[in-house]
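Two complexes, one shared chain (chain A), two partners (chain B, chain C).
For the complex of A and B:
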């Protein structure tokens, strides 16, 4: 527990430093936040337009499609505020500039430090109202306690899934150095999560829900809430994501041991 | 003499793209993935019967071709380098060279587009085969001839729009936000995720006034023979008006920006 408290305090310091840094470009900060809201609005319109052409999308009625939409955005804004961007794009820059060496000398777990060394406050500011909208939509469908707990379980699986994939991805950075293009591919694959995986058809739907399970991000929690999925699906998600995280940490430590410290 | 200089700039751009060819490929794959999922969803919705007046082949051809055009026209991170050059003060070294930087920026971008287009032809070709999208059955010769001027307008428009926003870095330092917004609006407005005619009427009305449909919807409908000559000429006129307007604005912003540029950075 003292270790957790120590890391918690450091996390607050890192986040606060990032916030101050990002606020130094106040006009830009404001424009980026407006841009982020408008992006959500544009995608919302996209889904509204899709729902005009069909009543049910991938087994989800309109209410659940909206829950799916907001779950996806809230989760991605949350992980982007915290670890995802640092692991997928940030580490590459640290390695290229040689700044990673400085970070490694500090008495902190390197994976923790790198994952949280910069907080994205653009996404944090955008996150709040979307979280409220999601909570409103979830309560509007009047879930039972069991459905609510399953939904939260699904959300935890989604977070672990993104953490596991990001950690594995970042472990390759030590070898590839430049990974902007690969990072964009990963983001594009993650973006598939904005559509219900069940709307990809039986074959592709199964693939993206159970094998390359981007569907864990929003389709699993929404499916658990709506009753489309049951506790067995959640159990599969838990086992899959925990395995993914274990592999991620193992690979990350292995790559770190082979880090040559050479930079440009 | 001038042409030789700019030819050299274009060659430098080509060499840079070659040096980072894997990155170029991956950028294209990222856009391919987005189109892939959009096609999957619409194929599921149309369920072999089509949607709102579109047959399934028409709908999937539209999405595939608009994705292809968007990938070939739009450069991921367009304007990033210009923003960084202004913010970091690196532009100083380029300004003392005997060429006009806006033209050099365009040539560098064109060099990258060459590689993006080759990669896009291969990637989208494979996707068409994989999904059994026989778009060539819908494409007309008249459409191919008419689409070329539209594509040129779209390329110029994309370049000028992003560089106009990047040039605001002379005052704002960081222009990532407006460019992010432009990119998202472009992606939707181009019709890569949903055909414009299937959008909510109020939004469709808005996008019909904006230039983003020139990055996908307008050329694709022309290519598929869905645009009559009576519709085509006003569309061309609108494209030229947009291009002239934003180019003029870019020229004003750039020339004023150069005057306030401090040649220092962080």
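For the complex of A and C:
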């Protein structure tokens, strides 16, 4: 199997092809990007409405609520630009159309190819300014080096968590063929990550932080940055996500071995 | 002027279309279940956040109990009233399948409306278990606000009429954008983004900043589900109910006229190859 450099070159070509395809409808591209910013602005207004009623949301002060907000958006835009949407929704379409067979004949890691075969540049374009805003907000709270490193560690846990969940989810596509509905349910569950898990109250907060830990996405990094969480929480996150990724890759390989083509 | 036999023929055609929508959605009810679960989860999250934020305090007349009841009712109303025909319409326009319907003796827009009405019957039935479950949880936990009288419930149900008309027209307008744009993802995304705030989904309209409340009052979104729920909670007075109803009906008429205008203009520029 070709090495990292080869996969890197292929990734650049896949990215370029996706970008050209989406830019071919320029008017629509522009409107979609505007709509994405509009969505961010509207959720920002929602958080402002909440912060009018309370200075602290789930143990986070206003500054950290904003960091939480932007961390969630930046992470989800990043993963949807790259692998998440392809694994959760795209694989189902590939299997149904029979296009997956063609992808599997290529000299590339199948998981890599399927995860990156199409890039979403609407989200990529939206990502830039939000990333800058997040960086500004993080530096504004003047974190210590330790807090900064813990925040970055939390972000890595978040990315690995989403990767692990997406991989496990997509591994069922080989059997079910059509799982876009379940993908929508998954996205609905992930919507809980927009809000600090600690804001849902003790029971739901525990559920979203430790059991179905969508809180890993933004609450964990923000909590580590603010000092609300400590390294023990990060350790739990690391162990959980590594286990999830290992299970995900194992399931993926197993399902792929058992896959029989749906096309001619 | 249409004759009686022609009218009877049309009504038979619309009834047949209604049954098509009904039977299709009975056959593919798993899809509706998925959308219902997705929608319920989304609103549950908002309800939990607002319920926790409010706690024991009251804000703009909303207590925790009111917010939880609001979201339960909002979920049911929105599921029943909101229309989704725009996806099929935009695909039919883009892929040329609209040509098939243009040669049929039934108006395409009315066809989608009747088919969707049939779908809503199934949707309403499938929403019932979710309603009963969440209602039970709220009643047992003592966080349900019962209606203050039969009149409030009757008025809420009355709002379903302009609300449904609004939802249908908005859906058709979104679908018809495909006559002009190869990909209508952008306008639809922008529309739904606005709808999340101004429809009262993300937060009850009364909890939004004053400037947004003022804008929301003149937009049609809140009259689909948010305004009827505020009426149910007794937060709207007699005069305001009349004004709200008048605004909802006005918007329904305006959007219907816009839908007709877009259809007439769009059909003139529509072209399809093959099929």
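A few notes on this one:
To be clear about the criterion, the second predicted complex is superposed on the first by the 260 of 264 C-alpha atoms of A that agree within 3 Å, B and C clash if a C-alpha of one lies under 4 Å from a C-alpha of the other, contacts with A are read in each partner's own complex, and residues count from 1 in each chain.
In the analysis below, a contact is a pair of C-beta atoms (placed from the backbone, for glycine too) under 8 Å apart; a residue touches a chain by one contact, two chains touch by 3 or more.
Just so you know, these numbers come straight off a predicted model, no measurement behind them.
Partners chain B and chain C, once the complexes are superposed on chain A, run into each other and clash. In the superposition on chain A, A:57 contacts both chain B and chain C.
Of the two partner chains placed by superposition, A:146 touches none, neither chain B nor chain C. Where the contact sets of chain A with chain B and with chain C meet, they give residues 25, 27-28, 31-36, 38-39, 42-43, 45-46, 48-50, 52-54, 57-58, 181-182, 184-185, 187-189, 191-192, 195, 199-201, 204. On chain C, the positions that touch chain A within their shared complex are 30-31, 34-35, 37-39, 41-42, 45, 48-54, 57, 59, 181-187, 189-190, 193-194, 196-197, 202-203, 207-209, 212. Across the complex, chain A meets chain B through its residues 25, 27-28, 31-36, 38-39, 42-43, 45-46, 48-50, 52-54, 57-58, 122, 178, 180-182, 184-185, 187-189, 191-192, 195, 199-201, 204. For chain A in complex with chain C, the touching residues are 25, 27-36, 38-39, 42-43, 45-46, 48-50, 52-54, 57-58, 181-182, 184-185, 187-189, 191-192, 194-195, 199-201, 204.
Across the complex, chain A is touched by residues 20, 22-27, 29-31, 33-34, 37, 40-41, 43-45, 51-52, 76-77, 172-178, 180-181, 184-185, 188, 193-194, 198-200, 203 of chain B.
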